[in-house]
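Mind having a look at this structure? Questions to follow.
Chain lettering (A, B, C and D) follows the sequence in which the chains are written, and residue indices restart at 1 in each chain.
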Amino acid sequence: MLKTPAIVVNVKTYAEGTGERAVELAKIMDEVSKETGVNMVIAVQATDIYRVSQSVDIPVFAQNIDPIDPGSHTGWTLALAVKEAGASGTLINHSEHRLKLADIDECISKAKKVGLTQIVCSNNLSTSKAIAALDPDVVAIEPPELIGGDISVTTADPDVVRNTVEEVKKINGNAKVLCGAGVKRKEDVRKAIELGTEGVLIASGVVKAKDRRKTLESLAEGILSAK
Amino acid sequence: MLKTPAIVVNVKTYAEGTGERAVELAKIMDEVSKETGVNMVIAVQATDIYRVSQSVDIPVFAQNIDPIDPGSHTGWTLALAVKEAGASGTLINHSEHRLKLADIDECISKAKKVGLTQIVCSNNLSTSKAIAALDPDVVAIEPPELIGGDISVTTADPDVVRNTVEEVKKINGNAKVLCGAGVKRKEDVRKAIELGTEGVLIASGVVKAKDRRKTLESLAEGILSAK
Amino acid sequence: MLKTPAIVVNVKTYAEGTGERAVELAKIMDEVSKETGVNMVIAVQATDIYRVSQSVDIPVFAQNIDPIDPGSHTGWTLALAVKEAGASGTLINHSEHRLKLADIDECISKAKKVGLTQIVCSNNLSTSKAIAALDPDVVAIEPPELIGGDISVTTADPDVVRNTVEEVKKINGNAKVLCGAGVKRKEDVRKAIELGTEGVLIASGVVKAKDRRKTLESLAEGILSAK
Amino acid sequence: MLKTPAIVVNVKTYAEGTGERAVELAKIMDEVSKETGVNMVIAVQATDIYRVSQSVDIPVFAQNIDPIDPGSHTGWTLALAVKEAGASGTLINHSEHRLKLADIDECISKAKKVGLTQIVCSNNLSTSKAIAALDPDVVAIEPPELIGGDISVTTADPDVVRNTVEEVKKINGNAKVLCGAGVKRKEDVRKAIELGTEGVLIASGVVKAKDRRKTLESLAEGILSAK
């Protein structure tokens, strides 16, 4: 299970997060996590799960699994393979990898079966509630108001996040909630926690930062300063 | 470039070809290849490319790449990541992972750009010709007459394979051709070579064999006995 | 809005439900509906919506819409076009046409915007709840226990259907529920209604029946005999 | 078979080309075609094939078919249904509706089986050649240099189009070629014909024109003035 509050860094398929550079970033995260005591998770490409998980103690997540069992599924991503490579969880239904509803449901089941924590991404209030009904470990909400722009959690109407958290918990009291958009700086992390989420999902803000260690330390402070 | 004639083993997402068991199979293939002098290639899940390629000298291939460049493509398979993990090539458009025509074209380009050999699978005469026109390194033909059944290359009408090879070469004289169906035993490999292909693509016949070493040795003999 | 209780017949892409034969079936349904007073709906291929809706008074539904707005979307199905052709509703996420979660959400919105009633199909308890959270007019539940076999609603454990209805209503009290599997005969319809659904979704049982009028009359009796 | 040279107008899912407005445009095309003697074809949404084909004499095409046979394929587009609704042909693999290679091949076969002319769209030289190898009636080439911009066939390097036409014909001497990009004005049509194509595929240039009749008359002049 995901230890929270947590900072989850998704390296996507950024060149800066591929291969040896994924290992380097994971090591920095591992150090900052140990120094600050703040939980950190890195979600890497399938090709990089093994080498990254061999190099660090923080949890390594896959970025996707496919709704398949062992068998004739050439080129697809098997939960078991992800697990055996060293991952302890996986993202599901990321905005760059949307899945069919029936497949999200299948992926959650298959992840549970092999012991992978599931972080399932949603894109608005109604899909957040729908995902909560599928009973994943974590829902990563990305309120459209907060995506891809200058608006951060701190400046946006706080009710957007608070309301989504409440509605998710109403349908599924066990699901943890991450804030998957509008998080760039320390204040955003603090605010996300104070609005009821159990952490943040962040990508370029860390992976493409000039000083990745300093950025991670600052985000960790955001977690620690939240009341 | 693929050294031919070659035996390409696709472990799919078989449990028997996942994680440490993929490494074990690759080691057997490595040994048989060295003993017999016959070229062997293993196509493994993305998660397993790194550890397999760290363990053997034979070429390791991916089972798929996606038509993407480095960037925001969470959960997809990047040619660069596959290459950096240690692969020297990739399957494209396998029958269990069919791609859009425009994407096959893109995948071939992206594989070439990072130096991955491309084996592109086809399902009949007309798609074999179409793929030849896209100029990949290798076309793996799977004549429908030979797929999923008891009919092997040796017993089938030899003209099916010979004709496909000729038509492919007519459109693209540089493309090598593998026989991707109907190959189970030594005689099938020999026959495939004699009909003009430069090797075979095989999966369960090796991965699920009772004695994988003996099976590989037998297939290697098929290559060596071809005239 | 769908008048309930109702019998919804999906002609799929059966030859027996294509073109003029869709019109013929719709006319029989129209007559049986008028004779019995039981609400009937026919879901036809996009190509046939116009001619069928010109020929009958019963509601004509599309079998799918795509999550698009008017614009550059060659070959996709526009809610507005479906509406203007004469449809009053649409199936969404049928088991033969599964959609991404985010797209189901979009399709529901786009259908509402042009005034199309939405029947969204689910495949088990958890996806039924998820769909209820998306607030469609109707959820067509297809308990896996009842799909594709000899088990009918009448013989199956009644709790499967009753429980799904209850859970759906708990999440969304406004959503109507149809039973989309295990319905073949009069008794199945009656039982489906008695278990709390507002009707049934049926396909080959009607379209491929030897005597379609008699079959429809019998199903209508099932509705009328329910307590 | 498509009578050439021809002007093929694709109304996409433009509001201006939906329902009754598709019928209106088709009637104008019908009149201009009769007045000028220039072959015109309108490709409409599946929902509109029936009513448009009932209203005009020019050929009506579908914008897409799916690789299916009659049966359980809810919500997909059946070649037979398109044919029975009155279409005499179909676009396949439009840039807004890309298909898998194996499916393009299947769609061509299924269209031929029911007697629908196939116009298959390509996106560059190599996919144009690949499509030619699949033996459709018509290849609609869209050289990337000409797409979505101010560059028209007349101003672009004429060798791009001429070379694609030659390469297509080299692989398949029977395939006709349309120019599917860079066509806006009379001169573009003339030039497209002079470069070896048998007509043009055009969308917003006609559908969104202020004066659609005048625009069509002008494009027809382009055909007539070509040497």
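By our rule, a residue touches a chain if its C-beta (ideal position, glycine included) is under 8 Å from a C-beta of that chain, and two chains touch if they have at least 3 such contacts.
Quick caveat: nothing in here was measured; it's all calculated off a predicted structure.
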{"item": "Furthest chain, CA centroid comparison against subunit C", "value": "B"}
{"item": "Gap in Å, rounded to a whole number, between the CA centres of subunit B and subunit A", "value": "35"}
{"item": "Inter-chain centre distance, subunit B versus subunit C - centres from mean C-alpha coordinates, in Å", "value": "45"}
{"item": "Chain pairs in mutual contact under the definition given at the outset", "value": "A-B, A-C, B-D, C-D"}
{"item": "Touch list for subunit A against partner subunit C, complex", "value": "93, 98-105, 123-124, 126-127, 129-135, 171"}
{"item": "Touching residues on subunit C, where the partner in the complex is subunit D", "value": "10, 12-15, 18-20, 43, 45-51, 62-64, 68, 70-78, 80-82, 84-85, 91, 94-97, 203-204"}
